[in-house]
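Sharing a structure below in structure tokens format, with a few things to ask.
First chain written, first letter: the chains are A, B, C, D and E, and each begins at residue 1.
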Amino acid sequence: MPVFWLILIVLAIAAAGFVVGRSRALSSAEGDARKLHSLPSFYGNNVVIKAIVPAFLVMIVWLLAQPLVVASSVSGLIPESAIPDNSSRGLVMAEVRRAADGLDAAVASGGMTEDFARNARADFNDVTERLQEAGAIVTSQVTQPVLRAAQRFRVLNATGKTLMSGAVIALSILGALWGIRETKAEFRARNTVETSIRMLLIAAASIAILTTVGIVLSLVFNTVEFFRLYPASDFFFGTTWSPSFSGRGGSSELGVLPLLWGTFYISIVALLVAVPIGLFSAIYLSEYASSRVRSVAKPMLEVLAGIPTIVYGLFALLTVGPLLLSVFGPNGLGWMQAGTAVMTAGLVMGIMLIPFVSSLSDDIINAVPQSMRDGSYGLGATQSETIRQVVLPAALPGIVGAILLASSRAIGETMIVVLGAGAAAKLDLNPFEAMTTVTAKIVSQLTGDADFASPEALVAFALGMTLFVITLGLNVFALYIVRKYREQYE
Amino acid sequence: MTDATVQGGAPAPRGSIHSIDARTAKRNRAEKRFRTYGKIAIGIGLFFLVVLFASIIRSGAPAFTRTVVDVPFTLTQTQYEEAEGTLFKTKAYSDFFIAALDNQLREQGVEAEFDADTIERLLGKVGSTIREYYRANENQLGEEVSFSLATSSRVDGYLTGRVTRESMTDSRFLMAADLDLVDRLVEGEIITSEFNWPFITGADSGVDNPGGAGIGASVVGSFFMMLVVLFLSLPIGVAASIYLEEFAVQNRFTDLIEVNISNLAAVPSIVFGILGLAVFIQFMHLPQSAPLVGGLVLTLMTLPTIIISTRASLKAVPPSIREAALGIGASKMQTVFHHVLPLAMPGILTGTIIGLAQALGETAPLLLIGMVGFVARGYPDGFLQGFVEPNSAMPAQIYTWAARADVAFYDKAWGGIIILLIFLMIMNIVAVVLRRRFERRW
Amino acid sequence: METKFNCRDVQVYYADNHAIKDVNVDILDKTVTAFIGPSGCGKSTFLRSLNRMNDTIPICRVEGDILLDGEDINDAKVDPVQLRAKVGMVFQKPNPFPKSIYDNIAYGPRIHGLARNKAELDEIVEKSLRRGAIWDEVKDRLDAPGTGLSGGQQQRLCIARAVATEPEVLLMDEPCSALDPIATAQVEELIDELKANYSVVIVTHSMQQAARVSQKTAFFHLGNLVEYDDTNEIFTNPRDQRTESYITGRIG
Amino acid sequence: AVAQSRENVQIAGSSTVLPYASIVAEAFGDNTDFPTPVVESGGSSAGLKRFCEGVGENTIDVANASRAIRDKEVEACAANGVTDIMEVRIGYDGIVFASQKDGPAFTAFEPTDIFNALGAKVLVDGEVVDNPYNTWAEFNAELPDVEIAAFIPGTKHGTREVFEEKVLLIGCEETGAMQAMIDGGMSEDDAEDACLDVRTDGKSTDIDGDYTETLARIDANVNGIGVFGLAFYENNTDKLKVATMSGVEPKTETIASGEYPVSRPLFFYVKKAHIGVIPGLKEYAQFFISDELAGPNGPLANYGLVSDPELSATQSMVEGEETM
Amino acid sequence: METKFNCRDVQVYYADNHAIKDVNVDILDKTVTAFIGPSGCGKSTFLRSLNRMNDTIPICRVEGDILLDGEDINDAKVDPVQLRAKVGMVFQKPNPFPKSIYDNIAYGPRIHGLARNKAELDEIVEKSLRRGAIWDEVKDRLDAPGTGLSGGQQQRLCIARAVATEPEVLLMDEPCSALDPIATAQVEELIDELKANYSVVIVTHSMQQAARVSQKTAFFHLGNLVEYDDTNEIFTNPRDQRTESYITGRIG
């Protein structure tokens, strides 16, 4: 039975369980819902949860486990001799799977009867041909062991699926019955249901942790490998970043400091653009603008967040860079040598980040109760005084969140840096110099042509890890600050 | 009385409310300045938006027209069999067509110097269109069929002004002299311009075939990815935020989760690609280049944005609302879902809009899970296949086009950006309308 | 009269601030109990302890035993939700939901399943609004937001909302502070009516009101329960000197 | 449901090979009944890394590379069970110097000019000093008297290697700087390394993006000179003019004959274990290097690939599934 | 006594709801004026019109002339900020800022530049808190947030906050609703003291309070100003039948 149908059946059982649970709850209270501990629908939902959750859990585990079990048992059918020298058992198994799929397709398309498929003692050419006719992709002649294995594979899978269907449906019915049995007036159905929801919420929150673990794990091995090849002290305290193309044995200097400095500098410039503009936009939109203006301007600004960063990169390179150059360049103030610089990238990145600050802050500012503003106006404060001294402090946690999000985005941005900031890794104070960031280098080292086992390529993982740890530190600090200055209204 | 006066002090005479006193004037100026800053800020934002839009639209417009050669053509059964017998079949079809066109033009006595090579240079990749047609309509063999076949990108460029005789002096793809023939054919209405439907509906093409490039397939890819992102990141993000903000007790562990989430926001997107490759493809054996995997990776990337904004808006709901609900015997769950969440909805939707917009425009993580490059697989066979069949995504498509040598792809890239922005706006409209319905002050 | 609440050695702290000290009191069923005392003495704090509303204030800590019908409400087994459904509350600051007037009232009955259908719900809403003495003012605008009402109207809306869920005990924190005399009289009438089946605790600053509506009165001062007795006794024959000073208007 | 068998050939690797692979993949889909292969970009490094991750359907079948696989990579492959690898050379990529069409006339270069302009340390009056030159004319009067502004491939690019080996190193030797360094007490290896150092004072810019970026840089700088692939240049003759190297103009013919010195071979690697398992894999490899496609008149050459004179050897190697 | 506010044909609408109808009234300087009337009759609405607080409610529209010292406050030239500095307000629902108690009070003086230095500001804060009759309760916790106070404390904090800016006119919307008799008496004392220099308008539901503190009383009913006269007159000799019904407790 296809999984889709199985899901539908379980859902149907659950739906029936809901109705039964609900009505049983009502009848146990002689039709008077008030005598129940919880709303009747909670009793229904309790049954639904019991009918669905264990059944689906079993189904998922089964679906994950069955291929493994089947594969290991089928794989035993393939003698060592049937595995070509350069191949592996795994690849032959892929062939088996493909042949089994082909048999399925052939049966479905009528090119083969089920009997024939199961007991194809016929010669393999015929089978191969029939499979090909049925549109199955058969790469070469189906061999004896492969065909046997494929047949066994089909049989096992079919049995497995039948067993699974039986188990899942039985479990679902049992679950529903259990839920129905529990249904009595004094049963705390709401609490049970809410506990389940709470579990779900906790599970959702732990995804963040899992992601972090995943990231650390996917970075850490290569990072360790990198430090085996390249001294950590040179990496952390080196002031030069000049990887050489590893083809020549390499005399790379991979000091992270210039990259960190570039990251920091460009992000600061970007935030200096985005935070004031974003914050003032948010203030204007939520406090001054008419609702018409607001309803148009806010989504428009949000479009800025959705323009692909490559467009910003090109915008930096082709428009902003030359513009800055004409003012600060050799023909102007003489501070700038080329169009690509920290300033160029920072400015453009700032533009991209405006909606991160403006839209979120606007929502938060809007959520500050009107009575706070009234209190201030009533004392003769101007609107700006009210905003600065009453509304903004009240909205501070949210605004800090928005700014953190924007800074995170600034740290993680690549395209704009690559195109706008130049690729030079430099430790320099002049914002009109070209610099580059950790992220840009992660991408470029990872997507480069270097030997993947060389420090020049592995450094990408070390860079990722370093950035991860540093931002972690910054976030701890930010959390501390927010806790310290938080003001709670009411 | 006097005592009170001494204590309270007579109010400093404040004068008429019609004439503004010095201090108020000063404060009003500050107010005005503040307000002006706001206007300037919005102005700057919108100004850049307009500038960006203008340049996108200007650069992208040419992608929406194409030039075609309209000619009747007959392919015989023998020619068909001959072509099918070769390895590079489409080339054979193309050659037949060129020969036929050459003949036809000579018969018509077109006044220009040309030979088969000239015609080859003028045409785009016509072979596959012709082959596809006859493979599907074998009964048309020997009949005259009228084809609209794409010209080469240089002819396209010539008609839109990108290419001139001067600019082609050193090119071996189109000789300046070839343009005489183009002029004649345009006069004879054999070459015409039309709206570039294949661009909107088609899939990617090889680097030597800009005329065949379309964004359609990757729009579908992005669509499926966004479905995954929306249906995973929104519920998970909101659920996580609710747990952290409303249920979790403040302790080291929740602090850890909190810091973790903000930290995830700062993880470069390509690192999510590394994670996705390791977890979804290598560990979970999900198919490569599939929107499902892309969607999962982008979900992980979008989650922090949604969580941070949702938490901020949950925090902003005044406690009195919660007390009111709890006070009449609502459970915490009911309080949150019935009262707090609706009030936090605008912020949640904002987070969703921004998060999804970001996900929609992101290329880097897709680089590692195989959605960037050449994924010209056309449309998926069905809804569920849409998630697992190899496909590209709009930003990835744009990114690859922008890197190609032929400038015609550059137009396509900008055209693709226009489509992406249209997609983005359609996606946003729903959220923006919803958000407005939830907005209220209390 | 049975005891409804049985409070033994109740202490409440806001962080370090010891707001309620050693309070022992028995609150009777089918009785109106008035809490009086100067502003800031802990009336609201104690009231909120009775249905565990203080749980929502992170810095707040409650100690001692509070038994409702003999069961400890602070027991881990107790579901605060069920407790609060039984022990309803009207807050000192009116806090209508930012929803329509109708939905404000209907919310409680809906989550507690008090109405089988829309007609019954309509009926409950109307009855509650009438009992809250606000029906006439809002009957034409049940769809208008509850937050767009005048201060006094909001207060009555909150009373109606609390009554709609039919709690066994109703805690009212200065329910008439923003009401005119007539509305006050109507609310007092309601309290009187409720008394027949329920237990009502009311915080008030008006001695007259306390004297009018309550059978028992508790006088709080600086976190201490100074005196608890029949209302008559308290007002005519206070035992503690502080009580006397307060009711005669000498300490605040 | 997820454990479906893969039907398409999955390819990843060098972005230099990507254009050619895309041409072939499209034609392969159009001319055969196999599904169009999926070609991912992401660099030779990432491509080979994924190639070496193991055998099986969840790994790629073909890795494109703009350089030959390294021994360490072969070892890493073997460690993961990827042992039988077919190396397929598809042709050569010419590397050219080009400047703005309307810019000053840089039309004739010698490697020495490039070295003098870009080397970190050059030989001036018999002494090795930090590169003092600001304009091209300062060391070669025939070159225009304009500011040096070069855009060279970043160190992530395979092109960089060719640039270093075939231009800088030669220039270094020819100017005598290398000898001077060795005379100054450096070992030969150190001197070679020093020859390859590029000045960091802003006259030379590393480009980490692709040629489009280099083009954009040159568009924005009249005096700029950049390094491009031949194919890219040929597609943009309206914006760029190319420089000769040692008097030879870069063309597919001159590069194929070896007259023009700066070029590199391009490869793809096939996992032999996947042949016969992944439908169309061998057919794809054969199709790629067939005369019709990779020959001198095929679409790849037409696009700018310098076809391999020894193509037929490669063809028979693929036919016989010979591994490295 | 001079006229402070001169209101002619004032109408206030909330969207379609005509909340204030044709109100004509002269509010005198150095006088306490009480607004009385049943809940929802428009007292707060009218009070808020006097310092243009209704500007902040988007759906609210005010028509007619309101002259302050002969100058139209709704004139385009008028700066509402300056107006509100002159005409201070205590709201019906206490709304302390989410700041420390000190900052709550210091906020007004700071923005109006009433203190030259920290010492002066401290003095103003202390004086205002004393006048708000809350100094003793909070003097030890000036750094604690204003939102962590009891209901009555918050109300007094808001009174102190309004007084700290020294307005010429003080509008108080039920300032004593949450206060015990002693605190009420202290606030009434404050009002009395303010009267010497300022004009005070107070909304109250307590007839006694109106009678005690005010010289003039206005009675509102369903948005109309029914009667406006000397307090004595109103309470002893009301001209309108509705007034009489209200003060004798027959209509609400």
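Please note the rule applied: contacts are C-beta pairs under 8 Å (C-beta built on N, C-alpha and C of every residue); 3 or more make two chains touch, one makes a residue touch a chain.
Keep in mind it's a predicted model, so treat the numbers as computed, not measured.
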| item | value |
| --- | --- |
| Chain whose mean Cα position lies farthest from chain A | E |
| Contact-richer chain pair [A-D vs A-C] | A-D |
| Innermost chain by mean C-alpha position | A |
| Chain B and chain E, separation of their C-alpha mean positions in angstrom | 57 |
| Whole-Å gap between the CA centroids of chain C and chain D | 82 |
| Distance between chain centroids, defined by C-alpha means - chain B, chain D (Å) | 31 |
| Per-residue multi-chain contacts in chain E, two or more chains | 81-83, 85-86, 93, 111-112, 167 |
| Shared interface positions of chain B, touching two or more other chains | 27-28, 31, 277, 319-320, 331-332, 343, 367-368, 402, 442 |
| Residues of chain A whose C-beta touches two or more other chains | 190, 314, 369-370, 382-383, 385, 446-447, 488-490 |
| All touching chain pairs, where touch follows the definition stated at the start | A-B, A-C, A-D, A-E, B-C, B-D, B-E, C-E |
| Chain A-facing residues of chain C, complex | 79, 81-82, 111-114, 116 |
| Contact footprint of chain C on chain B as seen in their complex | 250, 319-332, 334, 338-339, 343, 440, 442 |
| Chain A - residues contacting chain C, complex | 33-34, 36-40, 188, 190-191 |
| Partner chain B, residues of chain A touching it in the complex | 190, 194, 197-198, 200-209, 211-212, 214-215, 217-219, 276-281, 283-285, 287-289, 295, 297-311, 314-315, 319, 351, 354-356, 358-360, 362-364, 366-370, 382-385, 387-388, 395, 397-398, 401-402, 404-405, 407-409, 411-412, 414-415, 438-439, 442-443, 446-447, 461, 464, 467-468, 471-472, 474-476, 478-479, 488-490 |
| Chain A - residues contacting chain D, complex | 3, 63, 67, 86-88, 90-91, 94-95, 97-98, 101, 137, 139-140, 242-245, 247-249, 251, 314, 317-318, 321-322, 337-340, 418-419, 422-424, 426, 433-434, 440, 444-454, 456-457 |
